[in-house]
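So, here's a batch of structures to check.
Presented sequentially are two complexes of chain A, the first with chain B as partner and the second with chain C.
Then we have the complex of A and B:
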């Protein structure tokens, strides 16, 4: 906790130290690569438009990047995935775990001058609870009622002890202005596409759909005045053109994560700085446990021994990946990891032995993946080739994205190859992914012992208490190969060397584009 | 009058057909709009609720009748993803697509007709051969290849033109117009290149035919200057099939615009379609297709009518 607060303080201090910019309206234009950066404008490249300006609904990357700058969350995350203060200064559970409380800072204001209060938090969470929509709805099933104790204190009454509640709500729930959103007949259907009332470090001032989104600094932003006067998100055809634009000095930051090959290319370019961002998700293979012969754990273990993990990380990912030791508790969240976890060895002989024990010969399976995912498209053939050495035939089915999602949802595959983007809280995530009937339980795991362990972890109110059951659950998942974790990607994001002061946070969602990071970004050498 | 009425009826039938095909086609796409944005925190209950919110839980027939009913009232529905009317989504984008396609069409005609005339008057000479060969090659080009090629050569290597967008942020007034034209060059050129061949070759063939007609020989024997014979006498008649081509090519042009806008991140309807496909935003897809189909139908109708006025034989056939 102390570390967390120190981090937030650091961000604020950095922001406060930055020189203030005279309020002239002179525009800098796109600077050439020689000219020093000015604090007038930071241009960020993205490959997609904002789809929905309602932060409670929005779900594309660009949506999150833009709306995160406009609507505060109760908490942020530090580099290790720990929650750190943002709108909330402190938070806790009651003894019995059935009440959660968050205290709010009192210096945040909506752009129309009204203060951000507990009422706004209560309204935001209640709207989602009532209308059931967006990312948050599935995370607050334990919520009975939220209420404002005072303008700076919110109490959440829960129907059952849920130690994941504050982490989930703190991180995922954007706080929207009650006095604006309550006028809409349906909060879910409120487009929020003009006259924005926001409370982040920047406010949206102009939208040119298909081209750019222009945001202006908020001078009295609670955690500290941003150094940069204007942030512009510009839409590009793809990452390659973004790289060219960065090199030409047309943009200052590439929002999207760089493909490993591009990152390698950019490493030697002195005009560009790469920042490594840990992923909160992982790439994996899942074996359909409801299909024969994969219902036999020996067959799944044989498959796990038939993957050359090191080669995938070093060749397909060009080294921008970490081993997770075959555990769903990844190194990105160090407070959860299990030091005893050990990766399955690539051992085709062992695979053959296990298959013989299971009485399986000539094993032939299909493997589905999203062909547009450049990383998976690179390693899918490697999975096929290494399996061949163990006498296993894997037929690759690279599919168009929506077809892939459809097959996944219908559990219509032998092997699923994919990756999860943001798994920020193991007790909550493992519940959705591995408990019987879970929405993303693609492998169709149904193991009462695992269900119990996950439940126990979810009811624990501290990481310390949740750690033992969740680590046991993770061991079970690994031993039973309910999930075969291949690696945790190290994301690379690039910005111009003319800028400094970014605060990287885990995941592509936060990256260096999180509000505290952009609030503290400033021209290098200033 | 009856002629126009008939064509109008045929246009409406075509439009209805396009609407129907689009309606069912988008629903035949694998996956559903909820899955397209599903995140790990979703539950089955939420998925079903969202499907119901989109009206996709109703039988297909009911959805179809409802959609047609709304369409007749000019209502294209609400975007699944953006929570705003489809009309707003499209109107935001339409001007850019109009600028792109119209400029491509004008440039194509302005280049295509003289080139066709040149080839026809120099028939069998080397100029003609070069034009023919280039025309055939250009006709078989695929617009994304042309687009990417032009972008990398002129945008990236030479750095002459901007990549992506339609106008610079800081440009105002006349500078904004210049910036707009600057951004327009590459997308427009891509479209011109794939279309030009058709015009040139048609123009060439019909003009050669026309130049062999009796009235041309008569004009020549009367002592009319060769230039006047070509431009005033033969060309007028040779233009008729070219008018048809212009109408027909509009379909190609619109299709090409979708791809071109995607490649150049040009903020038109094509880019909106591309994004809507990824998100399975059915109402936007349907709306965009209806709009484009209507544009093509109307253009063909105008061509037909114009043709009828130019050539009375068509009206009675």
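Then we have the complex of A and C:
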């Protein structure tokens, strides 16, 4: 199973949204429920073990949470998805767009005392480029060669102008220590499961598989010494048990996103604080455009008019979801959104009309989804029931996760229901998702006009230049129903009211567990 | 009672003593009620679909068993769940009994088959059933039919073993030898002598296998391997667990669990009562 997940690394990382495989239950912690929080220890609940300690490979959420605290990225992002400095202090493109440079801060050290330098960045990006693995490989196809200009400056030579390059590398690429990783014959196969040399706000000191992961504060962490001495990740069987543990004071933060019903429930609990985190992805239905009759745009539009979007957001998601106006440019990234976008209305009569026009009767389609994804499992029957009103039969196929991934990879479905977790840069992501032959182009879209628009947006070096073509691309995607965006989820993460100072960032990956947030977390009232 | 009992046939005697066991009769009534619920589901409650405005409401006059997190009536879910749970249980059990009966009787009657079939039964009994069921159900895709077949495939060995041991006691009987001597075919002997002899144990088996099948179905559905297009007790539990409201919305889990408990308990009590009633030595 692990292999199968690793096999679909890119798809999984971008599309991952289901709860991870539960680990075994942890033993009960030592902290008592009444004591006020001390800065000694912050305990975080998670539902999975760390599968891969190699940050360049790992792709589960727990993997990312732990390794993100150990290996810096060039940039982080603010609440609107804009990049903010982390290891890099500034970054820019040359005028022709064929070179990109990033300046690094000089006060970051690996835990063995060596400084973090441009050589490490060059090594990390070159390793991925050479061995072609993980999420990053698909995003740096424009890279020709990376070189260290000085210990604090990296230059990336590109084969073509690519305005998405720095955003992608900055956000997705963890920087690993060259002097440790280069000893491995293959960086991809390097397990990195002991004697870690890291450079984040916390370093991993002890692993008890299935129980907990203990991380200690790094006193000379560049951006500022963390307030809390020790961060502990504890493994729980599921969110329900995490909620009980949080209420009992056994843990301080629930790492996993709360199911909407639980969030509504916890809202009234004064000992718990909820943080709303915008998702960078979206939940959607994709219609296989290579299958009849869905190759006809009228049929796809009929399907889009047969979904009760409001009900899904308000009932299945309990209101913790925003409309994206049927656009792939979501409100989570306000600098890209198109104010002219309009959501398909739920209108069964219109659906019937469109189907008659297309000459389709008794439409019956199967819809695959991951049975283990609680939100989708809740709204999939609603999609079926609303389609019934338009005379469309949808057969639900709630599948076990690996079967679902396999069918998705083979494009073996009529309708795909799922969600993309992190779509942080529209020109880059739309390329993967909608360009002919794109890696996650599940709907098998093949539209030369769309390809051109996305290419144009990718070559633009600034958001301002990229905006016009990418908005036109998004309108095309919406009009042609290459993607039917249902909603953008508002995640809820819970932490004990005894703690404060978290810096929430968008997406489940960053949430309040991102390194800068945990470095600034402190007990309330101190 | 001895004076009266002498004149009764064994079947009548079983029936008389069964009727005197309140637990047995009570269980039978509960099972009949559950079966009626399953058959008459459309008359009792509308099929739970769509969504409602009253989400996560505790039990009330309007919603006897409360509502779930998308506002569907839990009572309707349990009623319709009875249908699928019992259908899967009964059909899996019938299938398992047929396979078990065939293999058990063949093993007992055809001596040469005894060893290989015995090995097969032992092998099947030693398989890790739950993981295999999960695997097969996951690969075959979720549907009511898949569930019934998968459960039956893993339930027949117990039936086969019970049937074989009962049949082994019948095969050496003089009337079987006599039937052979007068030239009866094997099929005829099995039909006329062996099957009637093993039917009483099968009767108990049917009931017990059904309850085990219902449990297995609930387990698989709870793990998300149930049919998303229909309701079963396990599916209700699965959805309740997924919604993350286990701790607060107790009614979403209590009622389907009660239904499972009721069915399993009454089948067990029924088979115990039947066994006691049939065992005439205890009757006098």
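The rule we apply is simple: the second predicted complex is superposed on the first by the 496 of 526 C-alpha atoms of A that agree within 3 Å, B and C clash if a C-alpha of one lies under 4 Å from a C-alpha of the other, contacts with A are read in each partner's own complex, and residues count from 1 in each chain.
Operating definition for what follows: a contact is a pair of C-beta atoms (placed from the backbone, for glycine too) under 8 Å apart; a residue touches a chain by one contact, two chains touch by 3 or more.
Keep in mind the model is a prediction, meaning the values are calculated, not measured.
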Touched partner set for A:435, first chain B, second chain C, both or neither: neither
Which of chain B and chain C A:52 touches, first, second, both or neither: first
Which superposed partner A:203 touches (first chain B, second chain C, both, neither): neither
Contacts of A:178 with chain B and chain C, given as first, second, both or neither: neither
Contacts of A:103 with chain B and chain C, given as first, second, both or neither: neither
More chain A residues in contact - chain B or chain C: B
Which superposed partner A:239 touches (first chain B, second chain C, both, neither): second
Touching partner for A:400 - first (chain B), second (chain C), both, neither: both
First (chain B), second (chain C), both or neither touched by A:420: first
Partner chain(s) touched by A:300 [first = chain B, second = chain C, both, neither]: neither
Set intersection of chain A contacts, chain C complex versus chain B complex: 244, 400, 402-403
Chain B-facing residues of chain A, complex: 27, 29-30, 48-49, 51-52, 54, 57, 59-60, 132-133, 135-139, 141, 172, 188-191, 193, 208-212, 214, 232, 234-237, 241, 244-245, 248, 400-403, 405-407, 409, 420-423, 429, 432-433, 437, 439-440
Complex contact set, residues of chain C against chain A: 49-51, 55-56, 69-71, 138-139, 141-142, 224-225, 228-229, 239, 241-249
Residue numbers on chain B that touch chain A, as the complex places them: 29-32, 35-47, 49-50, 53, 78, 81-84, 92-93, 96, 151, 156, 159, 163-170, 262-268, 271-272, 275, 278-280
Contact footprint of chain C on chain A as seen in their complex: 238-240, 243-244, 258-262, 264-265, 311, 315-316, 318, 371-372, 374, 377-378, 380-382, 384-385, 395-400, 402-403
